[in-house]
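This is the structure, below, for whatever I ask next.
When the chains are written out, they are named A, B, C and D in that same order, and each has its own residue count from 1.
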């Protein structure tokens, strides 16, 4: 182990320790805000996979988030309280939804892709409000049972335990996305973002990989949706609306497009700004969010994740590095 | 060092006389503009074939038609005798017909090695694999590094493509194409924007390519063309003028009159002396 | 057929009014994007600012409307200038940063407007000479909307002629087609940025002043107007005045005649229409500068 | 590339450590949850929108609650209260987060407010599991029938319609066209209306729901209603949509041709001024009107006008009543010794509430049984106002 790896291990350990300590230190509301932030972080990773990694800016991930949330909720109400069942079925539902809608979305790139995904999200939102028989209509779907982790176990009601459940799934999702990004497919997606024409010229049927990214991101967003249903025990059409989609995209921009841990921090920042600090200055959460976005764009041109690059120019290190592509 | 054992699929079409590339009555019209009109010629397997012509001759359009970036209005493109006219660009690339770009077209945020890896992993069919880190796939890495070494870029493997010099980018441009193990390599004005020294170096690279790789280049720089090509095709106003060895082409009166009045005229005839 | 026409006549007329209103909003957004490659998500805020101006200043007299128009124009120009100045440092950083910045600005501005005008929807009376309704072919129709069709048609014609016929318009179209080329010709693209931004913003704010009696100012109107304009712009093709006009008229009909024909699918019509267009032509109906 | 991650992670760790030292207690193992009670004021959470499209309703409710407190020297049941405001916002998410904060962080003893039905549905679990009473003063979905800790001083969403249906069936000689905002409250309202309307032999022309939120132009819907041959229209709109709807109903010539009946929200509060003369002649059903003649109402209207300069709305009145209910319950639960559980029990034992709307009692599902009124928009002393025409019976 060289000193770099030591330092890295140390930091990972520190962050893990801090995350594990949350329920032991904070009150229930703060813990539930952390839980929401974690769920939002998974959604932000899905948005970032498309927007930052594959170069397909999306305003539609809330639709798949909603599909996952409703599916998870319905599984809980009608079939199984087991978390793993809900997560799997919800993810599958998200994948199916993305497979069905993806071919339409990937017909466009850039702003056209953004608008097609926006349309998919808005149509999903309207549909969720309309299908009262399944979704409970605009008043939302309640009656979701506390999630059970092991067969025969107790349902999770305590905020701290719910937090741990969400934390475990979110960390697994993070590791899964990390693996994807280092894999050949991850490299393919970065190629798609950098230069689609060239990728085609070396033999890639690029639409297929764009669709692949879309489906993966759809499944991931749905996974986050299922976590949302388990932790909030309530799902409403607003969960697949424009606001969630826009906040997720903005979280990615604030965090640093392309960087997964940046997206997670951005998501946490957005959730804490809206739900925590927004309640302190009651009624002015939009103002806080607006200020956050404006400041972030000016002060952190590459997002939180890019912030370190600026620090580096302030405190230059001895060994020169090329600005290599950021994988994570 | 012998990259060819990895890079080149066993000398296809080299002995049986089937041309590596056949262009038959190829046309492309943009509205009333006939950019390419009924062009027919063949590229012999293993040859170094150049397409030249004055500005507006239709070279770029022809190139795009052969590569598959543009659909043809009529006519055929054959690769080793197989009709690939209706195939998309990516499908032609997978069959060994691979192009480079006139302005370096790279994956700028990726390292030079990753640029080449994108081509290598496609050829290995693992480009959609979501498992196992690329950095643990030694076969891919070794092959990528071999191609980089072949182009003299190995010491820059870890640098972002965006941080390379212009000349290095041109080299990487070819490296990415070569890493797909093409049987026919299409070079789109490779010398564009290169210094004379870089052009010289580039010429050496192409000359050093294994004989199994057929090369078709579209080029402005006649130094490079006559230094490399064993066969030259001349286009004029979208139509095929002549295909022949360099001497035939230089001697052709049709070519001389086509170039008359064009700025390249003096260059063309200066060649005879050099 | 005549029965059908009779039943939907008002919807079609209203679709024209609605479409022309959308055009005044969308054209600025389209040009700023097409020319300067800037995605301005604060565009709806400009409409809202104009509409609040109309609410605050119009008192039912012609003079009130005139003052509101002048003030609205100034508000729009200032707003456009500020936005242009805000996005100028972001050059070369892509659409996402612009989107985050302008959305942030619009959130802040929306909050400020709620502080100034409250959270109620504030319907704005047109000049009293134009209030009330008249009978058009036996159908009751608001006078103001008829007048609006007249004024907005004039406005649309002016904008159209300015961009398609004048020398400034030629420069603008050239910039849409190839920005670098125009820059190398020695044109100061910064000036063009401010000019086009100011123009588009002023048009949106004037649209707000004139549109206030049709789409009244209130919280959330900025977002709704923005989404409508984006849909129009994307359908029409980014950077095309003609596209914005036809896209706006198309969406106008979709939102009136379409809704009247299939009211139970009303929530799906707007985005359904956009998906249909984008599925067939991802670059929009009239994408300029591309083969 | 890895080393550069250091500063941020250190910052994260540092920030976390800082907050750690600043906060005490924990969700797990901490176990120091105090019960409210002996000593100190009772904490009451007021959960109303202070941002977004429902802000004006939130303002009314806040003012109504405060008027009651001011009348009683900031004491409820003889105990001083501390009101903690939380912003419900616009969506179920924002409302739920705010409720979460009130219950889990501020550890309030009771909560009141809630405008949106979606938020109400979203917080049911929260209040039921944490056993904290919620005295809602507006939102009231029909599906909410078996909660133990949730009370409402307003109505049930289908009641304004139900109160009106039979009357309209009798009055209108011909068919009735239904137009309502396409969300649960709109569906509930029409369902309630049709329950009594159909029973009384009313005839339906058509039933159309307009996209909500997002419809600003009602012209195509109104055109269809106009050509349907219906004699009357029953609508459900509130807030900004109500303003646009009423104005366009006038502008497109339906006014004077087709009578307009609606749930009272259509012309309640500030929207009426915005609608202007277009609203004249609109009939609505509501559980309250500021002109009701009783002593309590007179003093309430006076105090409310003094505070806000406006006539009270049903939203303000229901919130005023929520404070009243809490006043009665806290006193019955023993004043200073009252806790969430005893207050909840005491709320259920309240036999009747004297209210500006008249006296009401609890229904089986914890909503008021109250008199409904038919109102018409008329011009009174040069200003527009809802005027009570007759009673519509008790529901």
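Rule of thumb we're sticking to: contacts are C-beta pairs under 8 Å (C-beta built on N, C-alpha and C of every residue); 3 or more make two chains touch, one makes a residue touch a chain.
Predicted model, so just to flag it, every value in this text is computed and none were measured.
Among the remaining chains, those touching chain A and also chain D are C.
The chain pair sharing the most C-beta contacts is A-D. Chain centres were defined as the mean of their Cα atoms; on that basis the chain farthest from chain D turns out to be B. Spacing of chain C relative to chain D, judged by their CA centroids, is 35 angstrom. Between the Cα centres of chain B and chain D there is a gap of 72 Å. Chain B and chain C have Cα centroids separated by 48 Å. For the pair chain A and chain C, the distance between mean C-alpha positions equals 33 Å. Residue numbers of chain D whose C-beta contacts span two or more other chains: 51, 55, 182, 211. Annotation for chain B: no residues touch 2 or more other chains.
Shared contact sites, meaning residues of chain A that touch two or more other chains, fall at 126, 129-130, 284, 286, 324. You'll find the chains touch as A-B, A-C, A-D, C-D. Residues of chain B that touch chain A in their complex: 67, 69, 88-91, 93-94, 98-99, 101, 105-111, 114, 117-119, 121-123, 126-135, 137, 140, 158-160, 162-163, 176-177, 179-180.
Across the complex, chain C meets chain A through its residues 33, 39, 89-90, 93, 95-97, 99-101, 103-108, 110-111, 223, 227, 230-231, 234, 238, 267-268, 271-272, 274-275, 278-279, 282-284. Taken in their complex, chain A has these residues touching chain C: 51, 57, 104, 107-112, 115-116, 118-120, 122-123, 126-127, 129-130, 242, 246, 249-250, 253-254, 257, 284, 286-287, 289-294, 296-298, 301.
Looking at the complex, you find that chain A touches chain B at residues 179-180, 182-188, 190-191, 193-195, 197-206, 208-209, 212, 216, 322-325. Listing the residues of chain D that touch chain A in their complex gives 1-10, 12-13, 16-17, 19-20, 23, 25-30, 50-51, 55, 85-87, 89, 91-94, 96-98, 100-101, 103-105, 117-118, 120-125, 129, 141, 143, 182-184, 187, 211-212.
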